[in-house]
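Can you keep this structure in mind? I'll have questions shortly.
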Amino acid sequence: MLATTREREQLRNVKKLINSAETVVTDALRGLSAAHPGLRVDPDGRTVSRSGGPTPGKVGLVSGGGSGHEPLHAGFVGYGMLDAACPGEIFTSPVPGQMVTATAAADGGAGVLYVVKNYTGDVLNFELAADLCAEEGVEIASVLVDDDVAVRDSLHTAGRRGTGATVFVEKIAGAAAEGGASLAEVTRVAEEVNARSRSFGVALSACTTPASGRPTFELGETEIELGIGIHGEPGRSRSTMRDARELAAIALDAVDEDMPLSGDALVMVNGMGATPLIELYVVFAEVAEQLAGRGVRVARSLVGDYVTSLDMRGFSVTVCLLDEDLTRLWDAPVETPALRWGR
Amino acid sequence: MLATTREREQLRNVKKLINSAETVVTDALRGLSAAHPGLRVDPDGRTVSRSGGPTPGKVGLVSGGGSGHEPLHAGFVGYGMLDAACPGEIFTSPVPGQMVTATAAADGGAGVLYVVKNYTGDVLNFELAADLCAEEGVEIASVLVDDDVAVRDSLHTAGRRGTGATVFVEKIAGAAAEGGASLAEVTRVAEEVNARSRSFGVALSACTTPASGRPTFELGETEIELGIGIHGEPGRSRSTMRDARELAAIALDAVDEDMPLSGDALVMVNGMGATPLIELYVVFAEVAEQLAGRGVRVARSLVGDYVTSLDMRGFSVTVCLLDEDLTRLWDAPVETPALRWGR
Amino acid sequence: MDTAFLTRWIAGIADAVRAERDRLTELDAAIGDADHGANLDRGFGAAVQALADDPPAAPGALLRLVGGTLISRVGGASGPLYGTAFREAGRSLGSSGEASEVSLADLARALRAGLDGVTRLGSAAEGDKTMVDAFAPAVRALETAVSAGAGEREAFEAAASAALAGAEATVPMVARKGRASYLGPRSAGHEDPGAASCALIFAALCTADQGHG
Amino acid sequence: MDTAFLTRWIAGIADAVRAERDRLTELDAAIGDADHGANLDRGFGAAVQALADDPPAAPGALLRLVGGTLISRVGGASGPLYGTAFREAGRSLGSSGEASEVSLADLARALRAGLDGVTRLGSAAEGDKTMVDAFAPAVRALETAVSAGAGEREAFEAAASAALAGAEATVPMVARKGRASYLGPRSAGHEDPGAASCALIFAALCTADQGHG
């Protein structure tokens, strides 16, 4: 199917490697399918699951959310992590139907845990799906990821956003599930990871959604946004560009203020989609050094693009305070497109 | 060390996550070191090697080149791949001294293979290093990677550039070395991979080096560069933006014209540094589908950032025609920061 | 009002949303994630299609079909919320032996049920800078018009202008629900996209009524 | 000419390269990879430092130290090439019992040896759009001046203007060596950065000579 003239005009203007704004999610899923024989991908139905189907007797893990955050979530489907994922339109929570299909693909008879990033849309759609699945007799539990310290938590608001910690929750809960833990235990582990994790993000540029073809906000040549989410939303405040050292300090201060840092930590320096790896390593050098200065040991780490925001330039830092159990679960084998070790 | 005022001014203008243009390579190596305990990193001496030191009796693999291509090469140091890497300044071949140090860190007594991308600077510096090491009694062999079909090969020119195939050569020759092959045999395998591999790259934007603070070339809103290298050089020709399908066809045509495609292939769709993963998967979908249409089976694949050009937007396609031996070596365990399976 | 009227209404919403798609997306870009226009365009487009594919016999069934279609096609926050609104509105019109005509009072009751569904699901109150800020005054205006014995045209115009005023009143508000709430004080100064789309939905009642008359 | 002259020469090159760093980098951005200015700035800066740290006693040793420093500090194509040029030039001045003064004829012979080193290593000929296009005519001009019995100032000026003319003549050329060759016909229309820096190197001979006189 060729793009329409108007679409072509648009994609030329934004210069994205796509066929059309309408087909980008489907096309990317076709690519995911072609690249990863270990996944069962339904590009039209928008679900991704392990090609072997549900693991009998294992708690199933399902996550999902808008597209545009790749490799999240589909890139984390596989042994030791998710059983199924359902990608929505760009930055749009998936619909309950997708979640129901994903649940069926994940349900090995021991119940299914939904890993839900705390956004109104994700929460509402997963709630509707949970109702439908419960009616079908599947035992469903949910964990809400809300690690972003840029947003003040309050009873009267939508609460904190879910960002980088999602990767930690999915990996560690996935390991617990693979190890045979019960739904209650997997849920508890997931909640604990979330409780011990905090994130803060910085944007050097906005992102451009294929549909709108325009940056979600405009930044001057020396301006940056502090406290951004992963949907191209503006952050909590605008600031001027600093060097990597200062930006790392701003992020760590924000995290530390919300959750005093100490002991061993799992630390991720995550690129927002258009940040070169060399820059992420520069940031990680500062983060690791400054954490050491605060008495925190970087026991485990990830540096790279894990939870992105289309073509945004910038980074986020996520810190999870480890204990022995969580470290063991983090180290357990995992085999997914985006995270793999021990297999 | 704080950046000077002029540097600060500059880094604000180009908005890079760095401390200063002067320290970016050293700082990134500090980050690499903090993130990967399996590596021995000398940020000032600019060498990266396996933390266990040389493997006695194993052929050593050394590569290196300018920085700005991360994860290449340091991200491929580890079990089953490189023994040591030496990163130069941004886009500048390393100096012979670094190579000599890297050779010492890689030399297990069975000789050392240099994997050299075909650029005059890389070739000359590795030649000088090989002379120095040979004087020290180390048996040195070199393989020249020159897979880029955008450049016409000729006796009277510098020849084709080395780009994406470097990853394939390093992985497959690394597996051969890990398997105990002799220097002659590892060299032969490396040359065979290179001979069976071709690449073609497309840029949607130039990149900006930290030192210059300016894009290496200017592209209009609807312009792209076809046949680019990995140093921000302009390509062979300028063109207008197309959809992913057409761009994939242009790349595959160029590859196929130079090396007729058939049989099983190892295919990489590589991001140039600022290309979101979702777009790379869209390109990969087209590449895989069109290869199937040409009677080629994508037997193995990589989709992601492997050989980058700082913050350039764009992609490259690399195709390597597999046989059974190469497939087995590709599948062999590897444990490096950027490529890992089987361990 | 019959299914023909409601079908015209839904078609009118779909047209308005398509025409205003870019504006809705821009509003969402300012304080959200730039997808509201695309979301509703997809959803109401699908609803029009669903009604054409299998025209429901009764107003209640029609609104439930629209709600179900929005839930199953939109995603995001607005999908479940508007979907619930239409579904609850349809449910309130009774589920068995449904009448083929509904009165203005029936419709007002139905929309009140829809609004209740939205606030139950999203727990937003007026002043939180959401679709509720347009929805609630519009339903009140409709109820007032019913009590006053107004005609359809008058009632719809009152509801439409109450919704529009409600949407405009969201500009200075600081968001407390949805994605815009992450911006804190920076959310002030922008109209809420969901309130803006809700105003389109009530405005489409007038168009549907004119098409009828 | 003595080591003081040669030290002034190297310092003059370092100054010129620093002053022209951005221009060299821009030339390299057009047909290369935008690092030539930074490369030579780093290299000649290091050479000046090396000469200050441990001043060589003889002209040959001085040029060899400069060459070695360039090789060990510059990287890229220009590092080994310029490094070899200086090293070979130094070698040609004899390695043991070196004279502390060299004549204009000695220097011309030394630079010829340096040029030979460059073409041996890089196998570029004139017309390939490289530093050789400035280097070769400059050496020829020097040799001609020596044959004609010219003085230093006159000889250096002839060499410098030959190098400059050679560099300018690279503009229309299509590159056949180095990174610019990847551009094929698109490399035409731009001055070669290495030829441009080579012109600076020969121009610095004049400055060193004036500093002396």
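Labels for the chains are A, B, C and D, by order of writing; each one numbers its residues from 1.
Just so it is clear, contacts are C-beta pairs under 8 Å (C-beta built on N, C-alpha and C of every residue); 3 or more make two chains touch, one makes a residue touch a chain.
Chain identities (UniProt): C, D = Dihydroxyacetone kinase-like protein.
Nothing here was measured: the structure is a model prediction, and the numbers come from that model.
Each chain gets a centre from the mean of its Cα atoms; for subunit A and subunit D, those two points are 54 Å apart. As a whole-number value, the distance joining the C-alpha centres of subunit B and subunit D reads 31 Å. Note: centroid distance subunit C to subunit D, computed from Cα atoms, is 76 Å. Chain contacts here run in a simple line, from one end chain through to the other with no loop closing.
The list of touching chain pairs reads A-B, A-C, B-D. By the touch rule above, subunit C contacts subunit A in their complex via residues 22, 25-26, 29-35, 38-39, 42, 71-81, 121-122, 176-179, 181-184, 186.
Taken in their complex, subunit A has these residues touching subunit B: 2-3, 8, 11-13, 15-20, 24-25, 27-35, 67-68, 70-71, 75, 204-205, 221-222, 224, 240-241, 243-245, 247, 269, 273-286, 288-289, 298, 301, 303, 305, 308, 310-311, 313, 315, 335, 340-343.
Residues 66, 88-97, 119-121, 124-125, 127-128, 150-152, 156-158, 161, 209, 211-212, 214, 216-217, 229, 231-234, 236-237 of subunit A touch subunit C in their complex.
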